[in-house]
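Sending over a structure as C-alpha cells; questions will come in a sec.
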Amino acid sequence: MPEMTEILNALVVFTNFVLIPGLAYGSQLALGALGVTLVYGILRFSNFAHGDVMAFGTMVTILVTWWLQSLGVSFGPLPTALLALPLGIAGTVLLCLVTDKFVYRYYRAKKSPPVTLVMASLGVMFVVNGLVRFIIGTDDQRFFDGERFIMKARDFKTLTGLNEGLAIKSSQGITVVIAVILVALLFWFLQKTRAGKSMRAYSDNEDLSLLSGIDPDKVVRITWIIAAALTTIAGVLYGLDKSFKPFTYFQLLLPIFAAAIVGGIGQPIGAIVGGYVIAFSEVLITYPYKKVVTYLVPESWAPEGLLQLLGTEYKFAVSFMILVIVLLVRPTGIFKGKVL
Amino acid sequence: MKLNQLNNATRATLAFSAMAGALILVGVGQSWALSLTILNLCLISSVMALGVNIQWGYAGLFNIGIMGFAALGGAAAMLVSTPPVGNAWAAGSWNILFSALCFVGTIVAAWQVHKKLKNSRFQTIVMIAVLVTGYMLTRSFFDPAVDAVEATDSAKTGFLGGLGLPIILSWPVGGVLAAGAAWIIGKVALGLRSDYLAIATLGISEIVVAILKNEDWLTRGVKNVNGLSRPVPYELDLHHSEWFISLVEKFRASDLAGLEGLAREAVLKEAITESAGVFVKLCYAGLFTAVLVIILTLCVLALNSPWGRMMRAIRDNETAAEAMGKDVTGRHLQIFILGSAVCGIAGAMLTTLDGQLTPTSYIPLRFTFLIWVMVIVGGSGNNLGSILGGFLIWFVWIEAEPAGVWLMNTLTAWLPEGNSVKNHLVQSAQHMRLVVMGLVLLLVMRFTPGGIIPETSK
Amino acid sequence: MIKVQSVSKNFGGIQAVNNASIEIAEGSITGLIGPNGAGKTTLFNIVAGLYSPSEGQILLAGEDITGLKPHDLFHKGLLRTFQIAHEFSRLSVIENLMMVPGSQIGENIWKAWTKRSEMRAQEKRVREKAEEVIEFLNLKHVATELAGNLSGGQKKLLELGRTMMVDAKVVLLDEVGAGVNRTLLSEIGDAILRLNKERNYTFCMIEHDMDFISRLCDPVIVMAEGGILAIGTAEEVKNNEDVIEAYLGTGLKNQTPKSSQPGAGI
Amino acid sequence: MKKLLLASALMATTGTQVVHAEDVKIGVFLGFTGAIESIVADMGPAAELAIKEVSDSGALLGGSSVTGVRGDTTCTDSAAATAAAERLITSDKVSALVGGDCSGVTTAALQNVAMPNGIVMVSPSATSPALSTIEDNGLFFRTAPSDARQGVIVSDILNEKGVKNIAMTYTNNDYGKGLAEAIEKNFTESGGTVTINSAHEDGKGDYSAEVGALAAAGGEVLVVAGYIDQGGKGIIQAALDTGAFDTFYLPDGMVGDALPEAIGPDLNGSYGANPGTDSPGAAKFAEMATAAGFKAGPFAAESYDAAALIMLAMQAAGSSDSAKLKDKVMDVANAPGEKIFPGELAKALKIIADGGDVDYVGASAVELIGAGESAGNYRQVAIDGGKVSTVGYR
C-alpha cells in the first residue's frame, strides 16, 4: 500500500500534466466548436472559414492591445487583451456580417444545398487566410501581459513539500473561468430570451418557425454575432495561453471540427463535451503513465517502459481516430446531432 | 452575349482555348520550360479532379480525404520503384515475416470468432481476447524488427526500400492501393450520412498521412526518399547524347547559322540545356496526357451509359433510386473506390514527377481543398469541366505569386522607396495567392454556379 | 399477394403502427385510408422495405420479405411511388424512365466499356419502351425536359410511369392524387385501371380523395391510431360508424379537398 | 529573341576576361507561405539585405546591379516549388538561387530544375545529411552544416556538463528527425541515455500532450531540436510552466535572443550551440538586421551569407554564369584571404576585383568543407541574464 504522499504525488503529476492542460485546451476547443455548431445548427453548413475567422478576430484584438499598451493602458494583473476584446469581437462581427451579406446570403436565398455553402466558406477561408497574413504577417505574436501564474510549480513544491509541482497559469485560469461564464450565458440566452428561443425554433424547424412569425434575417444575424464573439474569445484565449500565429489557427480548424462532430453537430452541449473529449483523448492516450504508476506501486514493480499507448507523433491522428470510432458507434455524435 | 447563355460546347472550346492561350503566353513571355512545368502539373491536377468529380459529380459523395488517397499513390510510387535495402531486410526480415503472420492470423482468428460464435454471449469476450493477444504477439515481433530496420544506416536508408521495379508500374499500383483503402473506408463509413462520410474521410486521410510520416521502416518518414527513378530520360544524359545534340542542331539550325567556333558552341550549349529541359517535360506531358485521355475516355463512356444514368439518379434521389431497384449502398461503394483509385493514380504520377516522396507535403490545403476548388470552379458533374478546373486552378495557383508581386509593385509604385507601407505590401505579396484563389472560387460560384462548364442533361 | 401479419413499428416512444394485419389480394386495387397520423405511410414504408418492422412479418406471394431492402423488393416485383414526388431532378423525363429496368447490361461499368454494341441494342429497346410510356402518360411535350422542372402533377405521372417500365406485380401508390388537378387525376385513374386490367398489376394505394377511391378501390382498408379499423367496399366503410367517429365526425367528404388546394396541380 | 540569344552568347564567350556591367538576378527561393513562413519572414529579407548591399556598392562585375527575385517553395509542396524554381531559372533568368529552405523541396528543385539547367543553389537551411552525398554536379552548397556534425557537438557538450540522461523532442520534419537521430546516436555511444525521443508537429500550438510525455519519461536536460518560433518554443514554454524541466539544450534552430526574450528569466541556465566561430559577424549582422527592420532569427544569418557567397563567387569568376561561379564558391568562403564580415561586401568585391583573396566569414562564420557544406564550427552558448552569451567555440 503506497503512502499518502505517494498517492498525492501521483495525483499532482496527473493533475499537472493531464488535467489542467486538458481542461484549458478543451475549453478553447469547446468555445471554437460552439461557433461551428451554432452556424451549423442555424445556417446548416460546416463553416470551413472558422479557423481563419478566429485568426482574424485575434488579430484585431492584438492590434487593439498594442494600441492600448502604447497609450499606457493596462488591466492590472490581467492581460490587456481582455480590455481589447470587445473591439476584437466588433471587428469579427463586422467580418462575419459582411461575408454573410456578400457570400452566404445569396445561397441561403436560393436554398442551395449545404455543400454549396461549404464550398463558399472554403472561398472565404482562402480570402481571410490571405488577408490576415497580409495585415499582421506570418510571425508568432505574443500579447500576454500581466501576472503569468496563479500557482507556480516551484512554489507549490515548497508550499506542500511534495516532490511534484503543480502549476496553474493565469491564462489557463482565465480560459476556464471565461469558458464557464460564456457557456452559462449562451445557455441562458438560448433558453430564456426571445431571440434565443427563436434561434432554437429556427434550428429545429425552419419552415415552422417562419410560419410563427420569426424573422429569419434576424436569427441569422444574431447567430453570426454570437458565433463571431465566441470565436474571437476562443482565439484570444488560445493566443494568450500559447501564442498567435495565423498558420496555427488555420490548423485548429480540424480539431475544432472533430470536437463539434464528436459531440453531435448542431448541439451546443455537444460542442462543449466534444471539445473536452478531443482535448483529453489527445493527452490521455499519448501520456506515458510510467511516473504515475511508479508512485503508486511498490518499488520493485516500477515499470521499465513508458507505459504509453501511442507516441505523441500520433497525437493529431488520435482526435480523428476518436472521431471515426464515435461516428461508427454513434453516427450522430454523443449528443444526437441535427440531421439536415 | 452573356456567358450564361453560351452552350457547353462553346464554353468548353472557349475555355480550353483560353487556357491554351495562357500557357502559350507563359511560354513566350516567361519560358517554355515553365509553361510545360505548369502544364504537367495541370495534367496531374486534372486527373485528380476527375477522380473527385467521379465521386461528387456522378454520385454526390462528399469526400474530403483526397489527400490520403494521393498520399497512398505517392507511397506506391516509392515502394514500387526504390530498390530494396538489403541490409535492412537482413536485419529485420524474419521478425517482419513473423509479425505479418501474426497480424494475418489475428484477423483470420477474429473473423472465425465472428462467424462461429455469432449470437453467443461469449463472442465479445473471446473477440477481445483474440484481438489483444494478436496485437501483443504482433507487436512482440514487430517492434524489434522496426528497431533493427530503422537502425540500419539511418542517415541514408533506415527503411526496407521497395521492389526496384520501373516507376511507371506504380501508377496502377497506386490506384489499387487507394482503391483498397477506399474499400475499407467505404465499408465502414458509407452507411453514414453524407456529411459524416466527409468528416470520416478527412479523419482517415489524416491518419494515413500520420502513418506515412511516422512509420520510418516503411516510408523513411519525414526524412523523405529522394531520387526516385524516372520513366523518362534525364536532362544531364541528354546533354551528352549524340542523337539529341544533332536533333537540337537540326531544330535550331537557323539560330546556329553563320556562327563559328566558340560562339557557335556557346549558343549550341545553351540551346541544348534549354531543349533538354523542354524535351524531358514533353515526355512527361505525353505520359500524363495518355493517362488523362484513357481515364477521360473511360469516364465519358461510363457516364453516358446506363451506369452513369443510374449513378446520377442515385445522386439526385437515393430513396427513389433504391425503390427503383438500385443497390445504392453497393453503387456508392463502387464509385467511391473508382474515384479514389483515380486520385491514387494521380498521387503516384505526382510523386513520379517530383522524383521523391515527401510525407510532410501532404497537407489538406493543397491536396484536398485545392482539388475541390478545381472541381467546383471547373464544373462538377462534367468531365471536361473538372479537367478545365484542374488546369485553370493550378495555373492560377502558380501564377498568382508573380502576379501578386507585380500587382503590389505597380500599386505602390508611387510610394517612395523604403516606405514602410510599400515594404509591407511588397513583402506580403505572396499571400495574394490565397486571396486570389478564394476570390476565383467565390466569383465562379456566384456567377456561374454550375462551374465554367456545367453538367449537361442527356 | 401481400400479407401483412401483426406488424408493429415504434419510433422512440411513438407507436406508429400497432399490430396491423392486412391482406392485399392479387389483381385487386386496395385502398388504404385513415386520418392523418393513422400510420398509413409508415405501414407503406414497412411493406416497401424502407423501415423494418419492430414486430411481425410481411409475405409477398407466400415468401417472407420482412426486412428486405427496397432494391431487393423491386426485383421481386414490388414497386412504389412517393407521397411527395421523388423524381430524379437533374435527369430528363425520358432518362427518369430509362433508368428503371433492372439488370441493364450497361449498368455494369465493365460491360459499359466492353460490350458497347449489346448495350446499345438494349438501350434502344429501353428507349422505345420509355417512349411508349411517355405516349401513354401524355408527357411527350416534356420528354427531354429535366424532371426537376416539371409541375407537381407531371411528377406524379412520371412516378406512375416508372412503375410501367417493368412488369410489376404489386405497385404501392402513396397519395398519387395529392397535388394533382381533377382532369389529370381522372387520367391517372384511367391509367391505373388499365394497368390493373391489361397487365394484371395489383395496386395498393393511400388516398384521401373519396371519389377517387370509390371509383377505383375494392376493398378499402381504414386505419386509425396505428391499427386496422375497418375493411370493406368504399360504400361500406363510408357508412361505418367507427370510421366516421375516427374522422372526428367531420364527415368523410370533408377530407377530400386536399387535391384541390389552391396552387396544386398542373 | 534570336538576337538576344546571340548577344548573350557573345557575352558569355568573351565576358570571361572583360567584365561588362549587367543586371544580375538572384533567386530568393524560400518558403514564404506554408509551414515555416514565419521563419522565412526573416530569411528572405536577410538574403535581400546582402543583395542590396552589393547592388548599392556598384562594385560587382564592373558596376552591375543585382536584384533578388522571390520564389515560393511553400516548404512542403515539391510540385509548387519545382514550378517556382522553373520560373526563377528559365523565365526570370536568375544566375543562382539562395535556397531552398526545407530539405524536401530543396532536393526536388535541385534535381528537377537547378541541375538540368546548371544553376547554383546555396541553401541557408537545408541540413539533411542526405544532401551531403546527393549527386549535384558541384552546383549545391549550403551555409548550414549537416546534422551529422551537430550530433557530435551536442553529445560532447552534454558529456562535458556531466549530463547522463536526456529527454529529447524534435520537430517532425527531415531537419528535426535527422538531427535527433544524430544526437541520439552520438549520445548513446558515449554512454548517455535518451529516456524518450519524440516528435512534435510545428504549427499546432498546443503541446500539453508532448510535454506530459517528456515529463513522464524524465531526464536531466530536455533537448529541443526544433525552431525558435515554432513548436520548439511552445514546448519549452509549456515545460517550464508545468515545471517539467528546468534546463534545456538548444540546437542551432533554437539559438537566438528571441527565445530568452519570449520565455523570460526561467530560461537562464540553459545552453546550446549554433554554427559560428570566434567572430564579431553575428553581432554585426544582428545590428544590420534591426536597422533593416527584420529579426536575426534562425537561419537569417545563413541566408545573408548564402546570398553574399554567390555574389562574391561571381566577382571571383568574373561572370554571373553559374557554370563559372560554382568553382569559386569554395575559394571565397575559405582561407586564405582577408576575413570578411557582414556589411563589408563592398570591400570584399573590391579586393577580389583587384586580384586579392578573401575568406568570407560573414554572419554565420562560413567555412565550407567536403561537398560544399558548412564545416560546422560551433559557438557554444549559454542563456544568462536573459541573453544568449557565447561561452566558447568548437
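Should a chain be cited, it is by its letter among A, B, C and D, assigned in written order, with residues numbered from 1 in that chain.
Rule of thumb we're sticking to: a contact is a pair of C-beta atoms (placed from the backbone, for glycine too) under 8 Å apart; a residue touches a chain by one contact, two chains touch by 3 or more.
As the structure is a prediction and not an experimental result, all values here were calculated from the model.
J.: Going by the touch criterion at the top, tell me which pair is linked by more C-beta contacts: B-D or A-D.
T.: Result: the pair with more contacts is B-D.
J.: Based on Cα centres, what is the most central chain?
T.: Checking distances from each chain centre to the full centroid gives B.
J.: Quick one: point me to the chain whose Cα centre is farthest from that of chain C.
T.: The chain lying farthest from chain C is D.
J.: Using the average of all C-alpha atoms in each chain as its centre, how far is it in Å between chain C and chain D?
T.: 74
J.: Could you work out how far the Cα centre of chain B sits from that of chain D, in whole Å?
T.: Once rounded, the distance between the two centres reads 31 Å.
J.: Report the inter-chain centroid distance for chain A and chain D in whole angstrom, where each centroid is the mean of the CA atoms.
T.: So the centre of chain A lies 36 Å away from the centre of chain D.
J.: Whole-Å distance, chain A centre to chain C centre, using C-alpha means?
T.: 50
J.: Where in chain A do residues touch two or more other chains at once?
T.: Where chain A meets two or more other chains at a single residue, that happens at 133, 137, 311, 313, 316.
J.: If a residue has to touch 2 or more other chains to count, which residues of chain C qualify?
T.: Not one residue in chain C touches at least two other chains.
J.: Taking each residue of chain D in turn, which ones touch at least two of the other chains?
T.: 33, 35, 41, 172, 199
J.: Can you list every touching chain pair?
T.: After working through each pair, the chains in contact turn out to be A-B, A-D, B-C, B-D.
J.: Which of the residues in chain D come into contact with chain A in the complex?
T.: It is residues 33-35, 37-38, 40-41, 172, 196, 198-201, 203-206, 208-213, 215-218, 229-230, 233-234, 237-238, 241-244, 262 of chain D that touch chain A.
J.: So in the complex, which bits of chain B are touching chain C?
T.: 298, 301-302, 305-310, 312-313, 315-317, 319-328, 334, 338, 381, 455, 457-458
J.: State the interface residues of chain B toward chain A in the complex, per the touch definition above.
T.: Listed in rising order, the residues of chain B that touch chain A are 62, 188-189, 191-193, 195-196, 199-200, 202-204, 206-207, 210-211, 213-214, 364-365, 369, 372-373, 376, 428, 431-439, 441-442, 445-446, 449.
J.: Under the definition above, what is the set of chain A residues touching chain D in their complex?
T.: Chain A reaches chain D through residues 13, 16-18, 21-22, 24-25, 133, 137-140, 142, 149, 152-154, 156-157, 165-167, 169, 238, 242-243, 245, 247-248, 251-252, 279, 282-283, 286-292, 306, 308, 311-313, 315-316.
J.: State the interface residues of chain A toward chain B in the complex, per the touch definition above.
T.: Listed in rising order, the residues of chain A that touch chain B are 46, 48, 103, 106, 112, 114-116, 119-120, 122-131, 133-134, 137, 250, 254, 257-258, 261, 311, 313-314, 316-317, 320-321, 323-324, 327-328, 331, 339-340.
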